[in-house]
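Please find one structure pasted underneath; my questions will follow.
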Amino acid sequence: MSEEASMEQNSAGEKSGMKRRLFVRTTLGAAGLAYAGALGYPVYRYLAAPVEQAEREAAVTEAVLKDAQKLPPGTALMFRFGARPAMLIHHRDGAWTAFDAVCTHLGCTVRFEPERRRIHCACHGGVYDPKTGANLAGPPPRPLRAYRVKVVEEAVVVSRV
Amino acid sequence: MKQARHSLYKWLDERLDLTEILAFARKKTVPVHRRSFWYYWGGLSLFFFLVQALTGTLLLIYYRPGPEAYESVRQITYEIDFGWLIRSIHSWAANLMIFAVMTHMFSVFFMKAYRKPRELGWWSGLGLLGLALFFGFSGYLLPMDELSYFATKVGLEIPALIPWVGPKAAALLRGGVDVSAVTTQRFFALHAAVLPALFVPLLAFHLWLVQKHGNAVPPSEELKPPEQRRSIPFFPDFALKDLAMWLIALNLLVLLAAMFPQGLGQPADPLAPAPQGIHPEWYFMSSFQTLKMFGKWFPGTAGEALGLIVFNLGLAIWALIPLYDNKRAWGLRARIASYIGLAALALLVLTTVWGYLALD
Amino acid sequence: MNYPAWDVAHIGSGWVIGIIAIFHVLISHFAVGGGLYLPIAERKALKEGRREWLNLLRKHSRFFLILTGVFGAVSGVGIWFAIGLANPEATSALIHNFVFAWAAEWVFFLVELSCAAVYYYTWDRVSPRFHLAVGWLYAAASLATLIIINGILTFMLTPGEAWLSAAGTGREASQFWPAFFNPVYWPSLFLRILVCLNLAGVWALASYSKIAKASDGLRAETLRWSARWIAPGFLLLPVFLAWFLWSLPEPRRALLELGVHTIGPGAFTQATRAALVVLVASAGVAGLVYLFAWKSPRDFGFSHAAAVLALAAAATGAGEYTRELLRKPYVVVRYMYSNGVRVQDAARFNREGFLTRSLWAAGAASLEKRGEAMFRGQCMACHTRKGYRSMRRLLAGRNEESIGNLLRTLHERKEDSPYRAFMPPLVGTEEEIAALKTYLAKLAAPSGGEEKPAVVKQIASQ
């Protein structure tokens, strides 16, 4: 083999060798990234946990309360709407209302008092109207958030307005 | 792409003198001999510290010191996605870090790597170990469950033994007459701000000394003629091996955290009786047992105070060894120092085992 | 339930299978991968006329023969003994469906063993061509055993609709092929082949670190050549793993999520944790081989090989453990529950009683004895009294009434029961369940055992 020819072959071999190296490097890099991603995934989930929770809660637009239509008039039922406490009230006149049960003042859970026809917050004595949720007395700055109530055959459906 | 990488390197090199650093790393060598294995323990300690810094920062995101301490750790362990993993790795890496630092210390001792010019390396290393133990002690309380509450309560009795200043210092650490939510608040400040602020500069100093003086070789190797000694470049040879050890350490860490995750006990209740077999973490077991035995042999607070004195005397000898064993040659002092090391190791192991056996 | 339960203290009968099986997988997959490794290496050495490399291979084939022919074969038989004792109902069901497959596997296994022996003992005694041919025959036979056993293992995880519709009709055998080539057959086969190649490399590293002379240039060369065997696994494992997970039915995959947010005892969090170990340890194996064997083959010693091997064992063990956990609450998904109760029998057991159908429990007359018989028949497939998934720990702090409530939850197995995802229904009559309640209450009572009540450290390892 002449010297020239062998040199040519060498450079051709070098070229394909370089291509091969590049290919090997790229695939190795890609696989490495895949593993690094797998290791980083728990950290991502750790940081994102509250976001996911908040999204899940915000996604709740409706709560189906089975057998709640049997609730006797003049009483209230506490339930969870997403992650928040809520109350369903069956009034003596047969009307239904539902409210977010977190006092708008400092976040205590409120209570329905049928005999005094009011919703009362024991923490600082806030008072709300059980029909509308309006803040009537005490420190609460805003009315309670009201939900839409629908009584169906075997349940009461409470949904966001 | 190669072009882009090259120009990026050039840009950085012009500003940071990377070539110089790289040349230094290449020129620097690490000796190779029968006991080379022990060279990895310093690097391993560093790895575990880095893991601690990372996972500790992640835990900061959800941990709330004070009255909600227990509740926040409960959330991390049982509610937040992979919170259990981060917390378990933090707890396991703490234990492995103390173990690695102790192994590093004893290997340095037996290789006589504390001799001139490395005395400052020895002392800064001891300082780092002391800080690491403080990290462990302060971190242990933070979940504020039954076990950590009582362990801290008992642990704080030790500084309280020191005459005059002791009780005052313990009360200051507690922030009251008893361990409480206030204590978690100040232990948290210690753990996440004060100790890191002390640890990081000391660590930097320690690492700088290692770079400056290079690895020490054991006396048996020192006696060999230079042509018989082998060494490898620090970069890339030793660095790659160091990396491999870190990889093993990472795997061990994940394995332990996944198989034995750190649980959470009942919330601390000062009125509840201490759970049976209450004991400190394993790295305090030796001193715990020593004090306990002195208290038994010499009843009254005098016994425990005596134990404390003996213990501190030993610590002082341990720290001052570079000043005593300071000759290159393998003489009487060198031998005595080696015996001291063996005795210290034996004492540490025996009292630790004894401590665990004495629990039941 | 025709068979009594095998009572293994502390670890439970499941882990007897587990320990033997993990050991076996570590060797048997080497038998397959190493079966390819030997003729490929031999062919290369012959082609390049490398006498000294052939000598090294001969030594390696000795190690290979001893490890696979003795330890691999013995542990394989050990699995048979263990599964027959630990879960006779499931073993019986598998034999009824796959007797032909197992017979075929046995034949290939015999061919494999014979070839391995012939291969080792005929080095330099027959023509290189013939010797190489024996090597290839070995490789083919051992691969065939994997191809067969993979069908049976994956069947348990995803039997497939076709077989399930025939299950219990007595015509199951008509669905042999759909059951064999079930939904996860292919991804699982490719995953296993990758593991085989990995283990061929890992074990070769271990073998060479001992048999090749340190001064030899050959040593470094062969170590690096063996290290290459890790590359396919490293590159393709993420792909096939994703394919495998994607082929799984949703309830199986959901089991992997249970341990993401908690380590609460009794919440079945092990699958997540084991899967995590699989990922980290397989990346670890590749990383270590790269750093140790590829980057500095000259310094590679047995301790390095041992570290790699330990990680490979962790990855393999965790992988098999995860696969087993993904079947919960079944042993054959949707056909037979983990405790050997067939899905179709559950209603009858509730009506007619579980113990009335268990001849071995006929002697249990007293309430507590009947409760213990229930425990042995339905709980002990997965739980032990005081060891692995200990009842004492899981029921700690519950009184008889609350244990009764828990048992009712397990018995009713409503749609929203958290236990539905991973625990079989508790079957039996009211009276039998009450007997179990009495037995468990006594077991869970703080004085019910000789253990000290001191809980030094609560570690949620289940």
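Here the chain labels run A, B and C in written order, and each chain numbers its own residues starting at 1.
As a convention for this text, contacts are C-beta pairs under 8 Å (C-beta built on N, C-alpha and C of every residue); 3 or more make two chains touch, one makes a residue touch a chain.
Please read all numbers here as calculations on a predicted model, not as lab measurements.
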Would you mind checking which chain's mean C-alpha position lies nearest the centre of all protein C-alpha atoms?
-> C
By number of C-beta pairs in contact, which two chains lead?
-> B-C
Once you find the CA centre of chain B and the CA centre of chain C, what distance in Å lies between them?
-> 39
If you look at chain C, which of its residues touch at least two other chains?
-> 260-261, 276, 280
Which residues does chain A have that touch at least 2 chains other than itself?
-> 42, 45, 49
Identify all positions of chain B at which a residue touches two or more other chains, and write them in rising order.
-> 79-83, 85
Residue numbers on chain C that touch chain B, as the complex places them | 260-264, 273-274, 276-277, 280-281, 284, 287-288, 291-292, 295-296, 299, 307, 311, 314, 452-461
For the chain C and chain A complex, residues of the former touching the latter = 234-235, 238, 260-261, 276, 279-280, 283
Residues of chain B that touch chain A when the two form their complex = 58, 61, 79-83, 85-86
Which chain B residues qualify as touching chain C in the complex?
-> 77-85, 88, 147, 236-237, 240-241, 243-244, 247-248, 250-251, 254-255, 258-265, 275-277, 279, 359-360
Within the complex, which stretch of chain A touches chain C?
-> 27-28, 31, 34-35, 38-39, 42, 45, 49
